[in-house]
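Mind having a look at this structure? Questions to follow.
We call the chains A, B, C, D, E and F, going by the order they appear; numbering starts again at 1 in every chain.
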């Protein structure tokens, strides 16, 4: 049964040099609007849920363009406030083969979202109207005001019996020097409030400071994730292991830990067209599976295939419908559909 | 020696989202005009033959644009009539890797071609001016009016001593439910009139209802094609086996059956840029070989390489010249030509 | 106070050759989705109202793209059904100076909207949830099924105390030979149900068959509109007189007849960038004024300026906000806003 | 009754910076293929005639592209030879308002056309298959080889009873210093062979060295054209007077002198989108009128309107059909055609 | 004789929606890099001078792209420092006719330029290597750090015998509430240091608080400018009066006050393609005239025509060479240059 | 320590059909300006050196555009002369998979560079201001005038104690029939003047006519390069072996011979986006290593990686900075950099 799911997060303007040119070679940019919350909610709306974004956009042409774009993606704008002056932006230069993609950020700390006043959002009202809410570690890195909004909203949703989802998504460049130390208490606050968490062993090791004697990633994962789940009382922990191969392909394998059991998706290897945002597609699959009551095997496989397909479309935001994902879970790559 | 060859078939407008965007992501379309007959005739004109299309286009801007585009492709427009109101169209969203390409058709049953009145074409006059004529199973799926045109023209060409070519090209979505049953009598009519047929074992099994105990595709082919040739008195039957690989490559192998002997092309594996229409390039190679009197080995190899090269250019219509194909038959992939 | 307003109408795909090329010169098309109802509702959403479209889109990629585009325009999709196979389309070649723009339609009679079954829409439910509904003469020209939907819905809205708006919008090419005779009874049915009507003296003369001895357009208008209002019990009749000038400018003057009085807007002369859909912007202004209870002078001036601004943006759909229109009503053309 | 008309002339590649950028600002070019002969013949094919171009293109990708483009324009390629290595090119930067358009040529003297060997064209065969042939003063400026081809072909056509058309089209930059002196004998050779000549009083004054005491352009025209017609035994002389106005409009008036009488077209003022090649549209109208036996008034009006419409489409080559021109001769500028 | 001229100012990234779309309609942006100093220096380099920009760009891809673009414009980058993280940006939506252009700024206060540390620039070294330096009121509006740089550098240039140029360029939105009061002392500091000032009567009235009883702009100008020149010991004051007309044209007239005399340029009316940055072209003309020792009449006419031509090219930065301007000063609008 | 390095060579305009279209399919071209000297010098400027190009461009829009583009690439234009009329051009159609890329040249023999008069360049002045100069075999193939400039300048630099670099770069199509015989004396002249030479065993065998009994490329290399170094007194000889693989990848291995020792880079295999100009990136790496005094192993590895990265960006000209290359030498292919 479809649910009502919200995400709290910033909307970013993505400005991408077309093709494989550098910013110093090109003279046009393609622009879209995205963000972890946008991506997750848009994907969930494609699976049949109602999805809200809780955010704040400037009252100018950029804000109008972002709001229109989000509606196009299927995001309900009831809880998108307008105010402030700026929108966070990032520039993307696509890599090719031996040359990596490169992201350059504008100053997002002054954005409408990151400067929302304390009284901006009505936590109780929102919490009363949704079944679940999604947060992400990128937002957690911004500033105290935003962190207060996050924790207050998570608290309110928990109190109303809703599900709290948290994607760790630690970005070193956002936390700066001694980032793990700064981040740990905030991550712990969120983990205590969360029912579903997206993370892997690296978060446990570096952000939470857990220790293991294991050396292989998978062994560390199996060692540490149960500890995290127990310590913070988390019902579901899911995540991926990714490998970047030399021939423009990536390899991805999802895991899901629930009721003291691990399940794993198939290991998927596929050509990559646009890598950004694919992690959010995986998260959307986990949320969908949990909300719909799929069994863990189905959920992690759905999530992994959702993640794979998100690498095959342009833009940060997943575009696959539930039917597209189910078809890709069962069929091999086909000839033209006509 | 160059021949005069005609094709009878519909002209479609192809509207393609550029790059790898979906229709719901993009805002521009690239358009071209194509069709099985267009593709075959254009290719044959590049090999030095004179090529006519026998078709009907609307008397409006779309018809003007299609007519101009066909001339550009090297198609002689003497037998392209103007009348009716509509042009068939299809929208193409390019797949990438694990995501298949997707074709969406507009309503083509009301097209100028598919509503041509009974007296539209002067079969005898056309037949008297050409050496060979090409038909295709897509046209056969349209309606009774078009089928009457096809059979009457094939009959007329046969009576004038010309060669009749028929490409089975069965499309399930066009015939609807119980399609094979509906299609069989019409296919049999065309096969009886045809001298050269493009098909493989699937057509024999499903459309013609032949049976075999063999399981492997190739064994079925060798079992069934001679039966078809004998039953319908067909001089040449040719076709391909195609495999879609995981890394954006396809594998193709052509066969040709003539005088009770099979010959096969090399098995070719190659990167795919635009798959649509590549089957028509193979057909054009078979026709060219037969018209020029090449030996079967040369013919099937020429056709397979023509098919391979058609996957490397944009659009449905093959662009390789005879010289390009001959070079690709003998040389390995090279560095820049300068 | 913002209202809830719906429109019943077809969604068309607009395929425009960029710049001033002809279809036979270009190779790309810009596509958008529009329609009289879409345009009116999108404009009303920009003035702060909630706007629904009541329509039907195919269950394929084109339908997905149209639905996403409509959401982007601010149209609420609650009453947009999915079913059927085709979308109506039109191709636009922009004119320049002495060369007129040219529109070429695809076959729209088989569209999802025009083949909606009799039980498709729940008139009573819709009527119970809206304050007003908009219809247009283009829809009336389609077929009996669509006309039944129109009249049943108008009846239901009237019964629920809602406002019925009808834009005459007679298109000769859609009604064919003896069109006025065929159209008259259907127009009369709608006029009897309508509270607000968009028309001018030409509709009275040609479609309704009224007569006048006056020769000048304005005299005819003043002679005939009161007769129409009285005969069909219409509260508000509004419309425009347009002149196409030689230097790429148009001249527009709006009128509004209510309570036995005519009011007129200023006569506006302005450069034209994209003329299509500008009439819908005028209609949206009349509806807004009436819904908000503006006085007739304000309403007709707002509508005329809304119409003028709609000529300055690309696409069929007006993009001006209420604030943009109010600013343009009071200020002269300015330098860059920064 | 449609005629068979050929033109002898060079094909140029036009490389245009899109919009109003300079070459040092942009990074893309739009390319087309044109030339005086191409433009005239393409226009005549749109009026229903069969049109050949007699020319020579290189045997490489550029030649292939040019040949395909010419077919698209409706030019029959029977007499287009392939050989040599280069194609003439020019770069176009569009002017705007107070800034003039700017053309930069590549080296065209080594082009395939301008280096065609003496035995390249079979004059007698060509002459025996056409009703008329068109030449232009630009070709006359190239080199002795090309001039020999021109004169020999004109001679052959005259001997076969065909009509010889010559457009003076004097370009100072092509003839260099003391250009008029160098050009005069060649112009006189062509004028003696010509039946229809496109020129105005400037050609008479500067190239032919005639004298008049009149000061106004029109008086000079009326004074000098009859002298030219008599001296060189020319049946029809036609041409235009053009004024470039300040607001991106031009004013054009055509004249035609025949049987000792002058007729003039209306003076037409219109917005200009692409000025290049518009003179060829006027010439095509004069040729069409003469070939079809229209009366001089009809001919000069048809030619002037053809010229006007050629300013409203992109590219050097006129795109208007006979129907488009006839409609523009009778109707005022209209609203959208749909 | 060519001089060595520097400008001190910020580099902005301009992100423009192509054509006439709004940000909420489009999906691509054209980007360039500009700024008052960039525009003036680039223009001066086209007149033969050596031009430096004194500025600071971030050490990332955006900074690399900006630096490359400035070199392309002819700006010498010797004094462009690299450091800090952000680049100022603005988004431009082109107006059309009755709809004004709209500029939306990103947060520029954190830009590399506006956060340059106190010791960033070596004033004495720069001053010793240049003949003149240009400053602008936009920079003056930023913050105290930037204002200190401006005044220190102006002081240093003055001490080394160089010419100080100041363009008042008051932007209300940058100074905020009570802006004139905040701005006045800083403007006075700069005027006292300046030799050449670009301003008009509005700056005298509003920023400097002078008073006049005159009502017409021109009378106010003649009344106030001599007072300003005397009070602040300014050798040359120049500026423009601009009118925005209804038909996409502007009217411009330049003035220059020197040695107690006013001179005026012709009043120029012209079509406008891209208005932004045209004021900088006028300034560049004044500087060029003064540096080259032209008489005031020549200078103001050169500057006004430079300003006019800057409206006819895309981008903020003037592209006309000295020869282009001289030609436009003497000739009327012409046909194609070839 | 950064050096001052010049290259002597022609600037070519590259006109590339976007994507994978043929010239006969497309209608737009992307243009850039390049040349062996441009590429080498631009790369060296990215490594921190000052780089001059010694060349000649036409005094028209094409020359202006080329000059601006070269500045953007980081090339100092002090020694770029303006004069003559034409610019060399080439058209590029990108190959895909089994279809090779194709280059078509315009007539470059009449270019400004190739027609520079004997007194054009001041060899002594240039030689006195630079540390090294780069020449290439393409220039050597042009004509006697250009060859005289090359040898005179090389002589002058040698006399001033500078380093002479020569890249053999033999192009068969430029030398025509019996090309090796014609080329040999000129190559020998340059080799005698050169300190650093880019070549491999093919140049030794075919151009210089050396002989070996070895069969494998590598054995031939090891046999012949020392002979060349000794015979012509060359300090450093470097070059590459390249293999074109079937899956759109190339394999590259660099060598460097100095002080009687060979060193080799890793064998690198990588996906290819734009192959043209990658050889110049390798050369730039060798020059950088030698100028900076790196050890031969570092130099050849730096050069090979510079070559590899040049295949991953569009255009002929390498875009990697020294930091980019050093990073790619040490790290494996990574995920997005953000």
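Operating definition for what follows: a residue touches a chain if its C-beta (ideal position, glycine included) is under 8 Å from a C-beta of that chain, and two chains touch if they have at least 3 such contacts.
Being a predicted model, the structure only gives us computed values, none of them experimental.
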Comparing which residue numbers subunit C and subunit D contribute to their contact, where sharing over half means same and under half means different, the two sides are different
For the sequence-identical pair subunit D and subunit F, determine the rotation angle of the Cα superposition and round it to the nearest 5 degrees. 180
Looking only at C-beta pairs that count as contacts, which pair of chains has more of them, E-F or A-F? A-F
If you average the CA atoms of subunit C and of subunit F, how many Å lie between those two points? 63
Would you kindly tell me how far, in whole Å, the mean C-alpha position of subunit E lies from that of subunit C? 46
Where the CA atoms of subunit A average out and where those of subunit E average out, how many Å apart are those spots? 45
When centres are defined as mean Cα positions, the distance from subunit A to subunit C in whole Å is 42
For subunit E, residues that touch 2 or more chains besides their own: 22, 24, 27, 68-69, 72, 102, 247
What residues on subunit B touch subunit A, complex-wise? 19-22, 24-25, 90, 95-103, 105, 171, 173, 242, 244, 246-248, 275-276
Subunit A-facing residues of subunit E, complex: 15, 18, 22-24, 26-32, 60-62, 64-65, 67-69, 85-87, 89, 91, 93, 102, 104, 106-107, 110
Subunit F-facing residues of subunit E, complex: 68-69, 71-74
Interface with subunit C, subunit D side, in the complex: residues 72, 247, 249, 269-273, 308-309, 311-315, 319-320, 324, 328, 333-338
